[in-house]
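Read through the structure below, which is laid out as structure tokens, and then see the notes.
Read from first to last, the chains carry the letters A, B, C and D; within each, the first residue is number 1.
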Amino acid sequence: MEGIKSETEDKLKMDGIKKELRNPSKATHQDYFGKAISYICITLVGCLVLSILYFITTRGVATFTENHVNLWAFLSGTNWNPGMLDSHGQPEVGALPMIVTSFCVTVLAALVATPFALGVALFMTEISPQKGTRFLQPVIELLVGIPSVVYGFIGLSVIVPLIRHAFGGTGFGILAGTIVLFVMVLPTITSLSIDSIRSVPMYYRSASLALGATRWQTIHKVVLRAATPGILTAIIFGMARAFGEALAVQMVIGNATLMPHGLLTPSSTLTSQLTTGIGNTTMGTLPNNALWSLALILLLMSLVFNVLVRFIGKRGSMKNEFKSCK
Amino acid sequence: MQTYSFDQKHIIHIPTEKALTTENLQVFYGDNHAMHDASLEFPRYRITALIGASGSGKSTYLRCLNRMNDAIATVKGKIIYRDTNINSKKINVYEVRKHISMVFQRPNPFAKSIRENITFALRRNGIKDKQELAYRVENSLKSAALWDEVKDDLDKSALALSGGQQQRLCIARCVAMKPDILLLDEPASALDPISTAKIEETLKELRKSYTIIIVTHNMQQASRIADYTAFFHMGHVLEYDKTEKIFTNPQIKATEDYISGNFG
Amino acid sequence: MNSKAANNVATGVIYLLVTAVVGILIFLLGYILITGVPHVSIHFITSAAESFRAGGGIRDQLFNSLYLLVLTLIISFPIALGSGIYLSEYAPHNWFTGLIRTAIEVLSSLPSVVVGLFGYLLFVIKFNLGFSILAGAIALTFFNLPLLTRSIEESLEDVPNLQREAGLSLGLSRWKTITGIVFPAALPGILTGIILSAGRVFGEAAALIYTAGQSAPTVSYTNWNPFSAASFLNPMRPAETLAVHIWKVNTEGVTPDALQISSGASAVLIVVILLFNLAARFLGNWAFKKMTAAK
Amino acid sequence: MGVLLAGCGSNSASSSKKSSSSSNVKITAVGSTALQPLVEQAASDYQKDNSKVNISVQGGGSGTGLSQVQEGAVTIGNSDIFAEQQSGIKANKLVDHKVAVVGMTPVVNKGVGVKNLTMAQLKGIFTGKYKNWKQVGGKDLKINVVNRVSGSGTRATFEGAVLEGAKAIKTQEQDSNGTVQKIVSTTPGTISYLAFSYVNSKIEAPSVNNVKPTDQNVENNKWKIWSYEHMYTKGQPNAATKKFLNYMNSSKVQDSLVQKLGYISIHDMKVQKNASGAVTTK
């Protein structure tokens, strides 16, 4: 192609290349452009997150700064009736029943849903990818789009009577809420788990199988281990969905601001209280501020969960070792 | 493990035209001093082999030559190409890589068709003419000795090729860019002997028009194809000379032990 | 022998779990379809809603749902893609990046009514968008961004690093490497994210009540001028979506056939989502094949 | 009525010169979800003859409606309750336009065996004094009280008429008529209360003090549990808004639409109620 060329020609070419090496080219501009775009996007997302966090924090804190509610009373009180004053002339804003219920419902729903989601994910990735992707995946993704109200009504017409017949009581309570939420978070956890299991390189499996490991040993020791961080993310998003869900839960959990005494008594979550109350209160008043405080607590609890799950996930994770060359 | 002195070195200068030179090249991964003081000269239109045990720093060194280590390591020292120190922030790395191209240890064709694998980068660099593209596809595949095997399947996915074919496609992909220097990082280590032989044939052909620097852990391979050979040990270059001298009459104890298999 | 037994037990358990989930799925979908399909007719899909008489349809709501989805994706996908690229390709591995990730994940746990009110105060009132599809789409972007960003980031990260090195070593810019090589390879995973977030757009009600509104003014489907108030394409008109409509007839509906409308609308919604998911997968696979020549 | 129905079906009635004085007025009404369907339908009919006016009617809750109209963010705030009853609202800044009356009735699950309750019994049930239907003349069945969300118009009306300042027991709370209807019809022993229009054959509406929950009994205040639906404006409404509010008050709306949506026309009321609950004859 190039072979031997005359010296002058080579010299000219060399000067040209030297110049090119020193000057920015199209590629450099493209990269500035790309970098700029991605930085703008992440800044935008950051601004969105910050603005909404700021919004909730300022309103949520107002209960304590403007209405002078005692923070501890808010967190540990069990009487919720922000429009009324108690015998000491203090507003009744004890959020503990809702905090406990939200916590129970979310954790239970995630605990119940995770084995099912992992079972389905493993089935679709390790056991029968063909059938799995063809039929199961579209149907599971379908579930995300069913409006909460529909889940709520099915829960109300099927699950609540079922629980009533099986265990007595009214049927409303944490158990009913958990069952409805379990179905609602299932698609999120399953889909994201599938993605993370799929991304475990094939040669990991081959290597393990070649060493004489059974399929389960391979799944258990290699695939799941390698996919742990992704699965944890899936669980976090599942719990987030459970946390934030209101319309469906509120129909089946009974929506009573009572301390839950077991899984079968009516109780109320932070979100359902927030959703039912917010349209009936006036901005800037204590009942309204108290609802925003619930939202703030919800955020903080979600943050704690997030950090906790990440912390648990760090132990035994192998992801960092894979990606070290990046 | 036997320890060798790093003070004793035998590094020759190249009498002929130099394609690339490094001066006191040092690499740090965080606090880890991975490469000490490598000063080598690479002759034009020759094959130079970099040999050494795993972890000796030969791959690290190679990856510095077209600035692929930028993101993960700190590289100090000079890399002179065309009278220009290309190890500098002011240098346009994308231009560097157009002239100094790299083939990796594991074949990494794009998840695209065979044709697209070659034309993708060309088109992004402004070559739009269809005839020119077709000419380059054919030419590069021929110089990588792959043309006869794939000429009827150019629109098939590159991932459907065998490992050896994939690696030759990766070579063709670089060649199509018409670079000056080809860097190869153990290109045959993941391949069978037949594919390896084909790649070696290919390299011998390419040597006529390209300067080739190849990292290999296979000493036979180095002795078969390389004109010059550098021996790396624990982040130091201990010996650099013509290949036959390295293999028949090494000046350094470590080199001698390594090539005679008494190493470690 | 022991490990073999464990293998069998585990496989059995997985089958059991899958059977249970399939059972739940069949029950749920069956319930919705069996109660709903008998009420679905051409008339139901093609006529406007009635607020107090029986026999109303869901034409406008159905269209609004689809239109809102399109607008939401137009707004949120580029942002999520850009952020996903940042997180996977450019972000340094430090505490700040971790903070951004955590913040995004926490955002996704916000109850929709909070996002709705935020959207109401900021976009509907402050930015004077009024109750409009646009305001609704922006509010839904808040919802979509966390999941979408995250799934794009993960999909991009799953593309082997070798592919990036290949692109870079050919003198391609990082940006071209990402958009031309990494992105096409990550497409199937990104698609999952889109489908999941589209599902949420279809199913969301609480956030939309405060932003897109819960009324469906009569629009003309022959007016193609998006700036005309009567046009169906006008993004500044209030628009009740199917999910909001289902919520409305279930909670405050006074039409005699509220229950039928609700079940019929749910069935239609499910079918529409199914069609959307299949179409998205089909298009995605087509694009994937086109870009990667995968056979 | 015939005129109205004809108006519904056709899009042709657009040539009107009445609104030519004002160009493209935008009216936004926000608030009560219960009132939303009525105003929306009326607005849609109204716009057919007044194409220059653009009326957007949305929900969001009475509290939202009142606070947003007070801030001037929307033109009209729809509310189930008097502004005076809502904390944080300066009622003297707002002008009340009553557009309908809504009657509310206690509803019970079929099978509690009660056809009539006295006001005192009703109060006893909702304050937790009675725990079993046996105590009020029904079957031996636990009473399950489903209350409405505190702060909602329905609850304020019910508690104002029944509880007389006593505190309701803490129990389930639901915010929508539809959900309550569903829960009452499916859960044995349940009692709650609903607007008249949500009472159907699956649930029972007992009479109170032997007065049946009918529109006629509301009109002459024999049935005590009722309230107004309000549309509030900040200060006196502007011309276009006033015209629309007049339309809401016209017999065209009051005699047909209002009744079709299950409300009672304010024209039919023989009494009136003020914010503190005092009833006087008109």
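We adopt the following convention: a residue touches a chain if its C-beta (ideal position, glycine included) is under 8 Å from a C-beta of that chain, and two chains touch if they have at least 3 such contacts.
Quantities reported herein were computed from a predicted structural model and do not represent experimental measurements.
Enquirer: Tell me which chains count as touching both subunit A and subunit C.
Expert: B, D
Enquirer: If we look at subunit C and subunit D, which chains touch each of them?
Expert: Where subunit C and subunit D share a partner, that partner set is A.
Enquirer: What is the chain whose Cα centre is as far as it gets from that of subunit A?
Expert: Farthest chain from subunit A, going by C-alpha centroids: B.
Enquirer: Kindly indicate the chain pair that has more C-beta pairs in contact than all others.
Expert: So the pair of chains linked by the most contacts is A-C.
Enquirer: Centroid of subunit B to centroid of subunit D, CA atoms only: how many Å?
Expert: 81
Enquirer: Taking the mean of the CA coordinates per chain, how far is subunit A from subunit B in Å?
Expert: So the centre of subunit A lies 46 Å away from the centre of subunit B.
Enquirer: Would you kindly tell me how far, in whole Å, the mean C-alpha position of subunit D lies from that of subunit A?
Expert: 38
Enquirer: For subunit B versus subunit C, what separation do you get between their C-alpha means, in angstrom?
Expert: Result: the chain centres lie 47 Å from each other.
Enquirer: Counting only residues that touch at least two other chains, what does the list for subunit C look like?
Expert: 160, 171-173, 176, 250-251
Enquirer: Two-or-more-chain contact residues of subunit B, please, as numbers and ranges.
Expert: 94-96, 125
Enquirer: Can you list every residue of subunit A that touches 2 or more other chains, as numbers and ranges?
Expert: In subunit A, residues 26-28, 31, 153, 278, 325-326 touch at least two other chains, as defined above.
Enquirer: Please list, in label order, each pair of chains that touches.
Expert: So, checking each combination of chains, I get A-B, A-C, A-D, B-C, C-D as the touching pairs.
Enquirer: So in the complex, which bits of subunit A are touching subunit C?
Expert: Per the touch definition, subunit A meets subunit C at residues 26-28, 30-31, 33-35, 37-42, 44-46, 48-53, 55-56, 115-116, 118-120, 122-123, 127, 136, 138-150, 153-154, 158, 183, 186-188, 191-192, 194-196, 198-199, 201, 213-217, 219-220, 230, 233, 236-237, 239-241, 243-247, 270-271, 274-275, 278, 295, 298-299, 302-303, 306-307, 310, 323, 325-326.
Enquirer: If we count contacts the way the header does, which residues on subunit A are in touch with subunit B in the complex?
Expert: Residues 1-3, 14, 17-18, 20-28, 31, 325-326 of subunit A touch subunit B in their complex.
Enquirer: What residues of subunit B sit close enough to touch subunit C in their complex?
Expert: Interface residues on the subunit B side: 66, 68, 94-98, 101-104, 106, 108-113, 116, 120-121, 124-125, 155-160, 170, 173-174, 177.
Enquirer: Going by the contact rule at the top, pick out the subunit C residues touching subunit A in the complex.
Expert: 3-4, 6-7, 10-11, 13-18, 20-22, 24-25, 28-29, 31-32, 78-83, 85-87, 89-91, 100, 102-115, 117-118, 121-122, 141-142, 145-147, 149-151, 154-155, 157-158, 160-161, 171-176, 178-179, 189, 192, 195-196, 198-200, 202-206, 242-243, 246-247, 250-251, 262, 266, 269-270, 273-274, 277-278, 281
Enquirer: Help me check something: in the complex, which residues belonging to subunit D touch subunit C?
Expert: Residues of subunit D touching subunit C: 11, 26, 28, 33-34, 36-38, 40-41, 44, 54, 56-60, 64, 68, 73, 175-179, 197-198, 257, 260-262.
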